[in-house]
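Structures for review follow.
Here chain A shows up in two complexes: once beside chain B, once beside chain C.
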Partner chain A sequence: MTRFLLVRLGGALLSIVAASMLAFVLMRLVPGDPARQVLGQFATPDQLAAFRADNGLDGSIVEQYGRFVGNFVQGDWGTSFASGAPVRQLIGQRLPATIELVLVAFAGAVASALALALVSTYRPRAWLDRLVSGIAFVGMGTPPFWLGLLCLAVFFQQTHLLPGPDGRISPDLAPFPDRTGFMTLDALLAGRLDAFGSAVSHLLLPAFVLGFAMFAFLVRVLRASLLEVADEPFIAAAQCKGLSRWQAFTRHALPNAALPALTASGLVLGQLLTGSVLVEAVFDWPGIGGLVVHGIANKDYTVVQIFVLLSAVLYVSVNLLVDLLAAALDPRISLHAGTRRRRRDAPRAAAAAPPTARSEGA
Partner chain B sequence: MSEQLLHASGVTIAYGGVPVVHDVTLTLHAGERVGLVGETGSGKSTLAMSLLGMLARGGEVVAGSIAFAGRELIDLRERDWCRIRGRELAVVFQDAGAALDPVKSIGWQVAEAIRVHERDASRAHLRLRVAAALEQVGIPAARAGAYPHELSGGQRQRVAIATALVHRPRLVIADEPTSALDVTTQAQTLRLLDDLVADVGAALLMVSHDLGVVSQFCETTVVMYAGRIVEAGPSPELFAQPRHAYTSGLLRSVAALSDPDCRRLPTIGEDVLAAATADREAR
Partner chain C sequence: MGVTVPTAAAPPLRARRRSPRRDRALWTCVGIFALIVLAAVSAPLWWHASPTDTDPLAALQGPAWAHPMGTDQVGRDMLARVLGGARISLLAASSVALVGGSLGALLGIAAGLGGRLLDGGLMRIFDAMLAFPPVIFAMAVTLGIGVGLATACVGVALSAVPYVARVVRSDVLRVRNAGHVEAAHALGVPPAQIVRRHVVPHVLPTALVQIASLFSFSIVAIAALGFIGLGAQIPTPEWGTTITEGSALVLVGKWWVSTFPGLCLLIVTAASAVIAERIRVRLDPRNRSGRALP
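== the complex of A and B ==
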C-alpha cells in the first residue's frame, strides 16, 4: 500500500514538473516582448531593464524557471503584467465561480449519464437505446461554444426563459454576504430564496453547455461497459436469487461497469477546468476563463503560466484519486504490488487502464 | 409416488422464431432426482433455463405449459418470478467463477440471497445465517469477507451451492454443476450437493452430459436429443437396457478405463439420426 502510494505520488509529481516546464517555456517562445507590451513603444532601455528585473524576466531561462518554481511553492505566484495585481489574488477572486460551474456541470453530467445508461441497457429496448446513442453522438460532436450560442439564442433571445450572458446573478438584486464564494450556497446561507433562484437560473445554461460533451462521453463509456456486463452469468445468477432485473443491474452490473466510467470521469473532470474557458467566454461568466483569455491576448505570462500549472495539478490529483478509488472499488486491483492482476473472468478491471498524466496546453 | 412438483407439458422453445426445443414433457416429484442428459446443443440447458424463466435474449416458450407446485410459470410477471426464484426454485450454475459477482465478497453475496426474501432480517441474524450456510459447505465462516477470485474453483461452486440452498427450496436445478471443475473436486462437490439437497428435502434436476454422474445420483434419467426427449425412465433400467438407439449410442461413447485395447470410441452415426427422425414421424 505504502509503496503503491509512493510510486503513484512520485509519478504525479513528475508530471506536474513536466507540465510546469512546458507552460514556462511555451509562453516564452511566443514572439513579443512583455516589457515592451506593458510599458509601450516609447519606453527607454533602462525602463525596460528595470521592468524585467522586477518581474523575473532577466537572467537565463533556467534562472527564470528556478525563480518561478521557487516562488510558486512559497505561494508567490507573481504579478500580472496587465493589471499589476498579484496573480494569486486575481485567481482567488475568480476561482470559486469556475469551481461552482464545473462542479454543477460535472454532477449533472454524471447523474444523467448514469440514469440514461442504466435505463437504456437494463432491458433491450431498441428505440430508447437508439435515442440515447443518438444524443451521445450529437454531444460528442457539438462544439461547446456553438452549443452555448445556440442555447442563448433559444432560451434568452427568443423565449426569455433563462437569463442572458450577464454573470452569475441578476445585477438588480440586493447584495448578500460572500461566505463560500459559491453564489448558490451563499444565497441559501443568507436565506435569500430570490437570489438563490437567480443564481441557479444563471448557472443552468453554462453548466448544461459545459457538461453536455462530458455527459455524452460518459454515457458512451457506461453504456458499453453495462452492455458487456449485462450478459455475464452473475447477473442471471443474481436474478435467480430473486432479485428483479433492475435490482440485479443496479447492485451487480453497475459496480462492475463503474470502473471504466470512473476512470473516464476522472479524465474529463480534469479537463473541465480548461474546457470551461470557452464556455465562460460565451456566457461572460466571471471565472478564470476570462482571465486566461485576456492573459493570452496580452502576453500576460504570469497569469497563463499559473493557470496551466494549476490545471495540471488538478488533473494529476483527480486521476490519482480515481486510481485509489478504483482500487477501493475492485478487490482484484492489488495495491500491495502496485499492479493490476488480470483474471480471465475479469476483463473489466483491466479495461480501466491507469490514466496517464498529460499536461494541459494553454 | 409422492406429490407432483413440476409438470412441464408440450413445451416448445424458440430462439428468434426458430424452435430449438420441441414439444417436451417432463415431470418431477417432490424430493425426486432427475438427470437430464444429452449432447451439447440438445436443448437440455435451454429447457432448464425455461423452468426458471431465464431464457437468454431472444428465447421464448412458444407453446406448452409449466406447472410448478400448482402454479403456471409461463407468462408469469417479473414480480411473481422474484417471489419464486431463490426461495422455492434455486439454481446452481455451471461456472461459479462467472456466476459470482467479482467485486462483492462471498459473505455479502450469500447475505443478499437471504435478504431478498427476508427483508427484515437483522444484521446479526444475517451474519449468523451466512456463517452457518458457509460452514455447511465446508468453508470457514471467517472467509466470508473473501472475494471470489481468492477462492478455488471448488470453493466457489460450494459457495454457489450454499447460496442456492439458503431458503430450503423445493427444487434445485443444477446446470452442469461440476463440468468447470477438475475431476477430484467434481466427486466431492457432487456428493456435497447430493447430501444438502437430501437434507432440505428438495427435488433435483441435474443437467449433465456426464452419464456416470447421472446414473450415480439420479433415480430418473431423461435423455434429450435434437430438442426432443427421446427416452425417460428409472436410471438403472435405462442404463441397463436403453430402448432408444440414441441412448445406446450415447452409452457406447463413454470411455472406459477398463478397456484394454484403447479402441477408438464410436460416434453416433447416421443410423441414429435416421432412427430419431423415424421416431419423431411415428408420433
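== the complex of A and C ==
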C-alpha cells in the first residue's frame, strides 16, 4: 500500500509539474508584449524594462519558468492587469461563491442520479430504460450556457418564479455579517429567513444547470454498473438468504456499483470546472468562472492563466484522491503491472464458469 | 414473512444485442443528422434569406411565416443564420474530430510500437495535457495561439489527442503481443508489413469509435469557446457565438435568437452521441464503458 501511495503521489506530482510547464509555454505564446500592452505605446524602454523586472518577464526562459513556479507555489499569482488587484485576492474573494454553487450542484446531481439509477435498475423496465438513456444523451449534449439561458427565459423572464441573473442574493435586502462566505449559511447564522430564501432561490437555477450534465453522466455510469452488479450471483445469494430485493440492492449492489461512479466523479470535476465558467457567465454569478470570462473579455490573461493552472492542480489532486479512495475501498485494485483489474472482469469470469451457478440463481 | 423467490432473472437490458437494422433509435438519429446536414448544405437553394443580410426594419421579430425562427437585433433572418451556423459548426466539429482523432491514433500507434524512450516521452506529454480538464486545455491553447474559430478548433483537437492516443496505445500493446503477430514474426514477415497488415487493422475500429465520439464533444466544446469569446467572433453565425449574441435578449423576452441555435446544437450532439455509442457497441465490445471524454 505504501508503494502504491508513493507511486501515485509521484505520478500526480510529475503531472502537475509537466502541466505547469505546458501552462507556462502556452502563456508565453500569447501574442504581443504584455509590458507594451499595459504601459501603452509611448512607454520608454526604461519603463518597459522596469515593468518586465517587476512581473518576472526578464531573464532567460528557464529563469522565467523557475520564478513563475516559485511565485505560484508561494501564492504570489501576479497582478490583474485590468483591475490592478493581486490575482490571489481576486480569486480569494470569489472562491466561496463558486464553492457554494459547485457543492450544491454536485450534491443535487449525485442524489438525483443515485435515485434514478436505483429506480431504473431495481426492476428493469423498457420505458424507464429508454428514459434514462434519453436523459443521458440529452444531458451530455446540452450546452450548459444554453440551458441556463433557456431556464432564465422560462423561470425568470416569462413566469418570474425565480430571480434573474443578479448575483447571489437580492440586492435590496439588508446586509448581514459575512462569516463563512457561503450566502445560505451566513443568512441562517444571522437568523435571516428572508435572506436565506433569497439566497436559495438565486442558487436554484445555476446549480440545476451546472449539475444537469453531471447528473446525466453519473446516472449512466451508475446505472450500467448497477445493472451488472444486480446480475451477479451474490445478489441472488443475498436474496435466497432471505433479504428482500430492496435490502439486497441497498446493502450489496449499491456499495459495489458505487465504485465506478466514484472513479467517474474525478472526470466529473473537469465538467464542473468548465461548467462553472460557462454557467457563472450566464447567471452573472460572482464566482471565479465569471472572473475568468471577464478576464478573457478584457484581455486580462494573468487571471485566466492562473485559473488554468489552478484547475490543473485541482483536477490532478482530486483524481489522485479518487484513485486512492477507490484503492482503499476495493482490495482488488493494486498497482501490479501498473494496471487496475476492473470490475467488469468479474461478470465475464462468472459467465465463463459452468452455467449451473447462474441458472440456480434464476 | 414468506420467502420471496428472487427475481434476479430479469434479463440484463444492456446485454440484449439489437440487430443494427432494426435499431429504431439509431436510424432515427441517423435520419435527423442527415436531414440537418442536407438542410445546411443546400440552404442557399431553398431559403431566400442570407445569414448576413441585415434589415433594421424587421429587427427582433418573433417566429412567423416570413421568418420561421424570427430575426435578431439587426434584422438578420435566424433560420438562415442557424443554417449558416450549421455549415460552420458541423464542418469545424468534423474536421476537429478527424484531425484530432487521427493525430491521436497515430501518436497512440507510435507510442505503442515505439521504443521505451518514445513511449515514455509521449506518455509524459499526454499526462501533462490530461492534467487539464479538456475544455480548459482548449481554452489555454486558444489563448496562447490567438483567438478565433480556427485556433479554437486547433485547441479542441489538441485537447482530444491524449484521450484518443491512450486508448489506441493500450490497444496496440494488446495486439502487439497477440498470437497472430508472433506468428507473422516467426514466418519472417518484415516489421513494417506486420504493423501495416497485422497491427493497424486491429486498432482501426478503436480509432474509429474514438473519432465518432469526438464529434459530439468537439461541437459542444467549439460552441463553448465561442460563447466565452475565444472561438468564432461575433458576426460569424457559429452556433455558440450566436447564442452569446442572443443572451442579453433573453432577459427582455426575445428568446428566439439564442434558443434555436442551441436547440440545433442539442439535437446534433444528442444524435451524434447516439450514433457514436452504437458504433462503439458494434465495433468495440471490449470497451463497454471505457474512459470517454467528459
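The working rule: the second predicted complex is superposed on the first by the 328 of 362 C-alpha atoms of A that agree within 3 Å, B and C clash if a C-alpha of one lies under 4 Å from a C-alpha of the other, contacts with A are read in each partner's own complex, and residues count from 1 in each chain.
Here is the rule we go by: a residue touches a chain if its C-beta (ideal position, glycine included) is under 8 Å from a C-beta of that chain, and two chains touch if they have at least 3 such contacts.
Since the model is a prediction, treat every value here as computed from it, not as a measurement.
> Give one of first, second, both or neither to describe whether A:D330 is in contact with chain B, with chain C, with both, or with none.
A:D330 sits against chain B, while chain C stays out of touch.
> Check whether A:V277 is in contact with chain B, with chain C, with both or with neither, and answer first, second, both or neither.
After superposition on chain A, A:V277 lies in contact with chain C alone.
> On the A-aligned overlay, A:R245 touches which partner chain: chain B = first, chain C = second, or both, or neither?
After superposing on A, A:R245 lies in contact with both chain B and chain C.
> Under the stated touch criterion, which partner chain does A:H160 make contact with: chain B (first), chain C (second), both, or neither?
After superposition on chain A, A:H160 lies in contact with neither partner.
> A:N256 contacts which: chain B (first), chain C (second), both, neither?
first
> Is A:A236 in contact with chain B, with chain C, with both, or with neither (first, second, both, neither)?
So A:A236 meets both chain B and chain C here.
> If we overlay the two complexes on their shared chain A, which of chain B and chain C does A:L152 touch? Say first, second, both or neither.
A:L152 contacts chain C only, not chain B.
> Report for A:A312: first if it touches chain B alone, second if chain C alone, otherwise both or neither.
It touches chain C, and chain B stays clear.
> Per the overlay, which chain contacts more chain A residues, chain B or chain C?
C
> Using the superposition described at the top, list the residues of chain A that contact chain B and also contact chain C.
In chain A, positions 124, 231, 236, 239-240, 242, 244-245 sit in both the chain B and chain C interfaces.
> Going by the contact rule set out above, which residues of chain A touch chain B in the complex?
Listed in rising order, the residues of chain A that touch chain B are 124, 231-234, 236-245, 251-252, 255-256, 329-332, 341, 343, 345-346, 349.
> Flag every residue of chain B that touches chain A in the complex, lowest number first.
52, 54, 56-57, 78-79, 82-87, 90-91, 93-95, 97-105, 112-113, 116-117, 147, 149, 160, 163
> Across the complex, what residues on chain C touch chain A?
1, 3-4, 6-14, 124-125, 127-136, 139-141, 143-146, 216, 220, 223-224, 227-230, 240, 243, 246-247, 250-253, 255, 258-259, 262, 265-266, 268-270, 273-274, 277, 288-289, 291, 294
> Could you pull out which chain A residues touch chain C in their complex?
11, 14-16, 18-19, 21-23, 25-27, 29-31, 123-124, 126, 129, 137-138, 140-143, 145-147, 149-150, 152-153, 156-158, 164-165, 217, 221, 224-225, 227-228, 230-231, 235-236, 239-240, 242, 244-245, 260, 267-271, 273-274, 277-278, 281-282, 292-293, 296-297, 301, 304-305, 307-308, 311-312, 315-316, 344, 361-362
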